[in-house]
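Should a chain be cited, it is by its letter among A, B, C, D and E, assigned in written order, with residues numbered from 1 in that chain.
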């Protein structure tokens, strides 16, 4: 769907749904997510916390805890195979090899009982079949690559001896170790200060160019998304509400939730003295044990129509928008915004 | 490293002193004294008086403790009144046997308990989990003497594979030694296996849900390596702690098993000494178990630090 | 070949002067020959002494030693050595033998193979004492050298000499090549192995780990009989099981002889024997069993009579006496206690059972800190050994705190003469008193049970419970 | 301003009436609900309950007086009159199993309660206070651990007189050190968590942090150990009663029955089977219940 | 904004904190100086932003000023009282007025305590006289105050989203009407719309209650938005401290510049341009020197001192 390439996409997710069995009933964490990703493409995913961003990527590789988690339907095509139907053995070959993963929380995602070297060496030995010495040498290169100073002495240290930022860089080194075709980075830079974050973003960009790797970059930082992505996808309550080329989506949001996100950023153009109150989205996301029948964002959305509350809008090409800019909405946001601005007497 | 060891060993001193004082005081609570126990069927009053005097039993408690402690400081653990042998000799004779038995029992406990605990954690809620729990708890609820006798009946009387009793020092024949130790070690280990299993299960459940195990899976790590290399070391601390505790209790607590299989170990020495009010022997054994126990805790701490690098700092 | 012999308990010090346990006697049977032995019929037979004669005033015993006998260290066993050994029994600090041969005044060497024992007063059981540890001779040289450490490597003149001892594991002895009766000794080595639990002992025998075991549990007799490979050796013991009462205990119902009599009447000895011991033991009512030549036939086994027991209690003004029965915590005594508890309940007794370890029980008995005590005595060849220490007013084992002038006189009389008629009359007089006063109630005489494997032959059970290794063979 | 961005923070204050009317289900009810959702826990609860009930109503349940002897039923095989057979002095095994539950469950529960109620606070103090206090407590615990259980039991019995209660005391005391160590280790782990720091930051005094914030988080490990100790205590009572230090004859306890039965393995296996089975069932039930409790006490457990 | 009174709520003088570095068998090897000679003060109603590279000691300072992790040296005066001099009891009472909101709202909540009980604890501790019903109501209105549905009182931490959890923490922090709150990366784990909620909440509370904040964050845009003054921390020392507009418009210290240059822009074209033009200036080695005033209230560290320890 994205771009006009005729080559088959690298990744094709169709109608993926995941739920968790809990005491109070099943939590429908992901509710039919479909998208494709071309080779070398960078997809930024933003969205409400708890909207299923992490869960849906974990589900692709069979990494959700089971029980209580369950993939209820969907297919994930990657390199001509449906990952969800793949036996565990074959799936293991994909994990860490063709698809690299960087997790959200560097504090807990590294094994506290293994040296950093041992953890980086692991995928190299499993997927590339390197021997211990070669793998260790590669591990050092990788640490250099993610700009950890003084790599020699640090290889045999343990995660707790690294700072949060450094740990995150180790995670990234692990994710990149086998030069994957696809890197999934789940809030890979959240815990880092901006200088380190900038370095890592630059690093990933470089690698992407170098080895033609595709990236799924999950983050809350709209600034990072803006810089890194080709395509952006907005998730809410287990669904994709909007998806489009990065410029189009930032410039011309078609879903009220996307708009809300963009508007909640602080506006610093007028300095601190002239600042306005931050705009926030009130209310809470729906209880995913009983997802609303219609648009899940409707209860918090001032522009929602009765139809929004009753029926889930499909994700389809937004009228009058850039090609490949898809939105799930029954309302026409630009039209509404124009009307609103007119009523208030000035243009947005 | 050496300084650390020295430091830890200094901490052992108060423990040893305390243990010896407690045991000294406790023995005073026991009815009857060495003289009563030793005067035999004939109960000659002169014999009783003689024994009392010879072993200072007629002295007040602190004086007797001082006698004993003075001896210990000179490297003399006293003499077993009953066996007329220096306690240190007895200890040297029995300690290796006890240690071997305890080690083997621990080995059995770990070999049974840890895999079962892992299995039931990995397969939580399945039939395998229930079965593993059932087996482990069965092991816990069968008294040692029962299991021991049943095993002798099966393996010695009916099958004739293993000797029913009789300790063979490993220096004589390692094979025979192991054959003789197999059943007692199993009987002892079997009960501890349940403890190991339950704690392994609990710890593994915590670890298996952790993020780093997920990371390992995302790297494509195979299940076996995932469990053994990534999960188990992080679940090992309670296993090590309890292992050391149980090991310590094996040193003097394996009486029944030792009795059934006629293993000449500490437990039996201790119990006989208690029943015969052979105070010096009891004291000697307690001091030795206390010392071993301290060494065990030290080893457990080192081991914990080995599996958990974080502990190396604090 | 090695004979592996399962004992019920580990021995204490292996020094005939200091030893006090039954288990040590088992081992001395191999290590140390005695001046005199007893035959299966309880008659003294020569062992180290070939013959002996008692002076007419019964105050001097002259013994003639077997020539050419040596100790295990090669020292000759001569009169001087015998004198040394006997004096050692008498004088060594902590000697457990002193009381047994206390009437001995001096020992005189007559010639190298003859010595005379002078007594302070006539002492009928003397010869019988010499059939046990008091008659065991030790090498003076070794005894001098080792002092009170003699037990670490005892040197005697028995068929086997000491090899090693691992406390609680085994005591090993090997055939003494220079033994005076070596032709009768076939087995090369004996390994004594203490295995306290009778079930375990039996399983070991069945597993071929043992060749011989002592004190088989009576309830296991059917199992052994059924097993074609196992053989059983039995004989009745010299001792007894009794319930001792602390007659001196103030305020306790057992201080009243009528209550004690009622207790006796409430017990059905046959039922007790059947329930706990499979009927293997011998019900009794005296210090010797009904099969013993000195049994006083005028007092046959009493019958249970609950009504009479109740009447006696009523007469004593204690219709529901409450009595604590102390029992030794082994596998059988608590059972006996519970059966007695149930039986006497019908007569109105409220018996509380208190199971304790051996030392605690002894301590309570010593201090008079008990009411009733289920007591067993392994027995001595001469009935004096079953009575005097218990019933004489100041005797050390008089836990009952019993003292009766008539009984005392009878006891002195039986000791004072070797004449059978005189002694039997004394036994009758003793029974007159004791079976009426009932400082204790004699219940049963145990059957001594040995089980042994198919390879062992030539086993002869002796009523003293000890094994004679002479003539034993392992095939 | 209308639309997505609503400037006003938060929901309006609720009417006071609401506070009383809408309440989450009570803690106990929620706990009960979670417990009920686990079949194995329910089985455990039912069996434990049944055993307790059996012990409490032994007078009603048992067909015979557990101490009444019948010379005709000595080691008698199971029959209609005596479905579990007869014991070594002809008592009804079934009745003794029923009454024995009192001693055995009592031994298990009382000693564990004692061990926990001593070991837990001491371990908490040692683990949370650290330093000198910790050092002193741990030295003492180590020393106590080195004291053989048997000596403790005999000395205690000698001091207080032999009885079931004192046996429970002895068992409980000797299990205490294990709980001290376990608690301490767990406390040290939990005390490093950030929420403990958060608790300090609102001004919680140390005792409150230990009790309110740390204690509930160490319950799982303690529960596991406690249920295991119940089993050990039931067995330990057997060896003590063998030495006359536990249940006094002729009163029954499962352990004591099993103990005697070993002498009659060959002739009267039922004497062993029933008490053995009872112990196993009780141990299993306690452990199932323990697992269930642990899960139910953990608000994070949602499956 | 209210005019800030002259005396500070909190005043930190020469604060240093070092951690012992221990070899793995427990022997003391050396100390690691995490924070060195830091001084600043915060006035009533003022928000001081604390930014800097990770590991530069921001959290350490936050913990030190609340005495959760007392400093190695230096004084911390709260409303004129030296906290180090207080008895433990008095410190507990004073803690009612100094509160902390932690970075990870999940780790900071006791997993076995319901949200309501958690917030009520503050009252339990410091208002023992409060009746049950009164406390209940107070908690309910606090929930309302931070924008939580009071139905959630009985729920447990795991049942809340990150933003909601952070609100629970804030509700508890403001329960006792403190005058000073340390907020250690309170928004890092939250999505932007929730970040806005939390920041607005903090802002509203400051307006209503006159609170002061020490706001620790990596989000430089939010810091500029929220804070009156900003301190930049680098290698355990403050390298620049100024009014926030001044700092953002006229950064003096090389590290501050580097930091500001790294802030991503939420505008694709601009951000791509920024990334393309990015220069990677490496910070000078060594430890920063003492602060000098370069403008009114604008302090900058002198050139770095030569490196003393290898970090």
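As a convention for this text, a contact is a pair of C-beta atoms (placed from the backbone, for glycine too) under 8 Å apart; a residue touches a chain by one contact, two chains touch by 3 or more.
Just so it is clear, the structure is predicted and the values come from calculations on it, not from any experiment.
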| item | value |
| --- | --- |
| Those chains which touch chain E and also touch chain B | A, D |
| Fewest hops from chain A to chain C - one hop per pair of touching chains | 2 |
| Label of the chain whose CA centroid is most distant from the centroid of chain A | C |
| Separation of mean Cα positions, chain D and chain A [Å, integer] | 48 |
| Chain centre separation in whole Å, for chain E relative to chain C (CA means) | 88 |
| Chain centre separation in whole Å, for chain B relative to chain A (CA means) | 54 |
| Multi-partner residues of chain A (at least 2 other chains) | 67, 260, 264, 277, 279-282 |
| Of all residues in chain D, the ones touching two or more other chains | 7, 9, 154, 158, 262, 265, 302 |
| Contacts with 2+ other chains: residues of chain B | 30-31, 145, 149, 309, 313 |
| Interface residues, chain C side, partner chain B - complex | 10, 12-13, 15, 19-21, 93-96, 98-100, 148-149, 151-152, 166-170, 193-197, 199-200, 203-204, 206-209, 357-360, 362-364, 366, 377-378, 389, 396-397 |
| Chain C contact footprint on chain B (complex, rising order) | 30-33, 36-47, 50-51, 54, 82-85, 90, 93, 145, 148-149, 152-153, 156-157, 160, 163-167, 259-260, 262, 264, 268-269, 272, 275-277 |
| List of chain A residues in touch with chain E within their complex | 46-50, 163-165, 190-199, 201-202, 205, 220-227, 229, 246-247, 250, 260-262, 264-266, 268, 271-273, 275, 277-282, 284-285 |
| Residues on chain C engaged by chain D in the complex (per definition of touch) | 198-199, 217, 219-220, 222-223, 271, 274-276, 327, 329, 331, 334-335, 337-339, 341-342, 352-357, 360 |
| Residues of chain D that touch chain B when the two form their complex | 40, 135, 139-140, 142-152, 154-156, 158-159, 178, 181-182, 185, 220-221, 224-225, 227-228, 231-232, 234-235, 238-239, 255, 258-259, 262, 265, 272, 276, 279-280, 282-284, 287 |
